[in-house]
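Quick heads-up: structures coming right below.
Next come two complexes built around subunit A: one with subunit B, the other with subunit C.
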Partner chain A sequence: MTNGSGEIAPILQIRDLRTSFVTSAGIVRAVDGVSFDVRPGEIFGLVGESGCGKSATCRSIIRLLPSHATTEGEVLLNGEDLLTAGAEAMRQVRGGEISMIFQDPMSALNPVLRVGEQVAEAVQAHRGVGRRAAWARALELLRLVGIPAPERRLREYPYQFSGGMRQRVLIAIALAGEPNVLLADEPTTALDVTIQDQILKLIVRLQRELGMSVILVSHDLAVIAHVCQRVAVMYAGQIVEQGEVRTVLRAPRHPYTMGLLASLPGIGARERYLQPIAGAPPSLLDPPSGCRFHPRCTYAVEQCRSWTPELLPVGPGHGAACWRQDAIRARVETTRIAVRETA
Partner chain B sequence: MDKLGFLGRRLLQLVPVAVGITIVVFLMLRLIPGDPVRIILGSRATPEAIASLQRSLGLDKPLWEQYILFLGNLARGDLGMSLLYRQPVRALVLERLPATLWLVAYSAVLAVAITVPLAIVAARRKDRAVDQVIRGGTLLTLAMPSFWVGIIFMMFFSLRLDIFPVSGLGEGVRDRLYHLFLPSLTVALSLSAILIRSLRSSIVAVTLADFVDTARAKGLTERRIMLKHILRNALISTVTILGVNIGFLIGGTVVIENLFAIPGLGALMLSSISGRDYPMVQGITLVFAVLVVAVNILTDLTYAIIDPRVRL
Partner chain C sequence: MRFAVEPSEGAGRNGVEAAGTPLVEARDVVKHFPLTQGIVSRLQRRPGEVLKAVDGVSLVIAPGETVGLVGESGCGKTTFGRCLVRLYEPTSGEIRFRGEDVLTHDAATTRRLRRSIQMIFQDPYSSLNPRKTVKAALGEVLTVHRLCPENEIPARVGELLERVGLSAAMGDRYPRQFSGGQRQRIGIARALAVDPVFIVADEAVSALDVSIQAQVINLLMRLQEEMGLTFLFIAHNLGVVRHISNRVAVMYLGKIVEIQPASTIFDEPLHPYTKALVRAIPKLDSALGARDTVAAIEGDPPSPIDIPTGCRFHPRCPYAMPICQTVEPPLADQGGGQTVACHLYPGS
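Let's turn to the complex of A and B:
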């Protein structure tokens, strides 16, 4: 599939997505005008601090939000808008076209049902097969996600599984309907570091074998750098920078991304000391005017207070929502020279 | 199978409970202020009559010996002779037991049948009009004494509409279900008022659990999510409340049994107390105690079936 410009048509297009929650304190705009495309067979990263709207974005895609949430915009799956789809159409999409795995595998499985039952019912929800065939398929799925002794494990309950094994079960459940898109919402955050790596490798392997697209949500840039092709950086409910992972992480063009990288050990950090971003993320109840990052931004000038920048192209397939590109480039040049001189 | 082991362990734990029950029931007669024999026979009894009753009740022997005798009789299923009916207590109790068991079981089944759909509707429409009406209804039901509700039912369904009998037990299963419908419904209503409140709030709580998101994300129908995932988890706490309340119910059907003229244990208990038929009161108390314990075991077993994590 190609469109007019010769590029591969995206499988998922998010257009001006706005999700807000009505709370007693007021309206929380968790997602505020987010747009991005996911191409077939790519791993797309969504990165940002806690509470920046990454999870809300994912949940909005398959409309897995509490009743006090409202969602506007468009979520186009192969050109069809999911936000206006009916309940039954949406049920078929969930788990069938788009699956989701969650942050906390310890609580994401039903404690009182056998693991096999929970995998098999996902199979049955999308294929007109009987119970026996569904359990047989569940066995294959457990094998696919690398669970040892799957025959025995099928008959066990979640409390008999470790965190990593539970996340594998959840991945098996997500794969049951052979989806084209997998939403992975911080799938490794709640796990031990060694297990994190195994689960990430599993997701990458399955993505390649099954040719799925994956949206990988993480607050961990190292994870994103490791597995994603493209990335969107979110701040306070908006995407502030987006592009190829290599470009965004090597040559960030938004002060927030630069700050994130400087606060990390290892990748991209040219400075000797880690530099935390000053201040705290803003409240989504009452976000700052203009550019939402301006109160914490070292590049901020007067106009940043009043004007909201849009995502502007700063390179091939690379966009940043910041006007101070000249200042950023200049600063980057001076640091490079400084680094070269000290080296 | 480990459910059987669970049951075995649970039964073993009952030994001290059983001993406790026999001691309490045994002491009931002995610890009544004053001489029970005098109370039974009245103040104008002759010393010969008192001595003879003391002998026939075994009250002239030391307490420990009386207890051993009591246990021995109990082991043989002998609960003594009713003073009022001049018949073995055991036979009388066994004759009355089925009616009470029917009433309790029927009430419990009806209560569950009323509770589950209403709690689901209330929880799904939380804070909307339907929910408010159902919750208001449970409060109203709790505030109405069951004897009064029973009378209203009788007046309306039996006397005015003439679709249910006023009293009696009926013969055969179908007829019995028909006869016991109004009394059971009366009991079930007050029971379900408590259960609906409990189940509704559990459902509301479980609905927020992460595994419900998983269930929805895998594309299950809302119906299946509710019945298979939410309800089953929400029932765990409500089963406990149901068990405790059935325990209460066993000794508490007196009012309804009297109102609907059901020849059950409650009615017998009442007449035995007022007739000072101490052996009978003792026997019925023992049966009630055993039933309450049995209900508790059933509750624990249900609990273990619903929740695989439960192990003792």
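Let's turn to the complex of A and C:
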């Protein structure tokens, strides 16, 4: 799959996605003009703080939104727009072409059905096979996701599974339709670190073995850094920076990304006090004018109140939605010199 | 530089025993929860099952010190914290505060101790009354403990709010009108209202986004410096614990398996469980360099109802030896402030 320029054609293209929710308090623009591409066989990270629109972006892609939500823009899967697809076509896409796993593995499973039946049901829904064949496939899937003693475990109920094992079951269900894209919405947030480590390694292994593309949503920059190749940083419903994980996290070019990294204990912070971003994220009912980050930004000037650029190219495959690049570069350079002098 | 509050009375950083006069001393604290039995097993007179949440924890905390308590969910860290503030009555063991018995039944002493020992909870929303203004909630604390005359309460509440970085005018609002970070500040103000000496912070910043989390961590550290507070900081986020603590204790299935200075534990973990825990944290710096290829720890933690014999970690431990299945290793001092409960090290 290549296009004219020799680049690999993306499997999923999100174009100017806008999702809003009508609430009693007004219209919440949860996703406001988000565009990105996902390439075949890559793990793409969406990172940001709560309410930044990363989950809403994911749910918009497979149209898993409540009825008071409206979505505009384009979600092109191999060139076909999912936002205009019919209900039946979407049913085939969900779980077939694109699957999703969620943060809370308990509430996503039916507590009164044996785990095997729930996995087999997903197999039957997408592969049109008989009960016996579906059960056999369910066994294979449990083995694939690393559940010990799968024959016995198939006959057990969700309450008999630990959090990590439940997440494995959900991944097995998500894989039942052999999707090309897996949407993983904070899949390890509810899990302990040692279990989180196991699940992340599983996702990476499956992605390699099955050649899927994965969109990994997380609030944790370190998780993203471990697993993803490329990342988009979201703030108040928009992407503020995007690029290769290493570049974005090592040499961030948007003040919000820079602030997030400085807030992390144990990273930039060998100092006594951390350097938090002042203030709090804005309400999406009434976001600030111009650049949405300007009220909290140390680089902000008058112009930022009224105007903000699209992602500006700041390096190969690296974009940042901030036109104060000269000021940012200058400050990064001074700190670098200062660090070198003290070292 | 690490957390630089020099503990006032030459506080110790060495293992279980803090040098100088300890502020808090917990000895062999045990908290077991008997589980409710079904009718059938009761008729059959089967012995009741017991969840051993905390199974013999000793910890000494020096004045002005911050001790981090880490471990995975269900390891008993919260239960232990609640025993210290006496929200739970320990099944057995001893807790002393400035040498005084915390578990006393003398009402006047209890009231006095409750003022000195406070707790900050994880979820500031569910720990605040939604129908009370912040002013009323904080004022109530002052009234209950008879800390200041009725007419001085508004001024004192305003002062408390300003101390945690809010404005006095915000006192007229209800909890729902605040963001998560602001609510946690209110939770901190409530703990500070009684002029405590020792604060148990149970996952106090875990529910907050990183940019807000950093604000609250800074606030806690500043308050400690200004007011000379002592903290037990319970958390599962090891990065946060490393930043804020002087010493770190690691819990596994109801027991402390290792205590070390925060400055060394993440670089030189001794116990195989601590090693696995440290290795499992996704680290930004290492992820951007070489990828960690060391095998992950296998399996899930066992149930605290049915604790393995010998060392509780042996079924998951890559270094397990025959002795680990039968003999439970005690915490042993390894010098340099490092204490570990593992048969791989001398003294255990």
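Throughout what follows, the second predicted complex is superposed on the first by the 334 of 343 C-alpha atoms of A that agree within 3 Å, B and C clash if a C-alpha of one lies under 4 Å from a C-alpha of the other, contacts with A are read in each partner's own complex, and residues count from 1 in each chain.
As a working rule, a residue touches a chain if its C-beta (ideal position, glycine included) is under 8 Å from a C-beta of that chain, and two chains touch if they have at least 3 such contacts.
All values derive from a computational prediction rather than experimental measurement.
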Room on subunit A for both subunit B and subunit C (clash or fit):
fit
Kindly classify A:E121 by the partners it touches after superposition: subunit B alone (first), subunit C alone (second), both, or neither?
first
Thinking of the overlay built on chain A, is A:R94 touched by subunit B (first), by subunit C (second), by both, or by neither?
first
What's your read, subunit B or subunit C touching more residues of subunit A?
C
For A:V112, select first, second, both or neither according to whether it touches subunit B, subunit C, the two together, or no partner.
first
Can A:V301 be said to touch subunit B (first), subunit C (second), both, or neither?
neither
Rounded to whole Å, what minimum CA distance do you find between subunit B and subunit C in the overlaid structures?
6
Subunit A positions touched by subunit B in one structure and by subunit C in the second
none
Footprint of subunit A on subunit C - complex, ascending:
1-4, 72-73, 179, 181-182, 209-215, 217-218, 221-222, 236, 238-240, 242-244, 276-277, 279-285, 287-288, 291, 296-297, 300-301
Which part of subunit B faces subunit A closely enough to touch in the complex?
209-211, 213-222, 224, 228-229, 232-233, 236, 306-309
Quick check: in the complex, which residue numbers of subunit A touch subunit B?
62, 64, 87, 91-96, 99-100, 102, 104, 107-113, 118, 121-122, 125-126, 157, 159, 170, 173-174, 176-177
In their shared complex, subunit C is touched by residues of subunit A numbered 49-50, 162, 164-165, 192-198, 200-201, 219-223, 225-226, 245-246, 249-250, 259-267, 269-277, 280-281
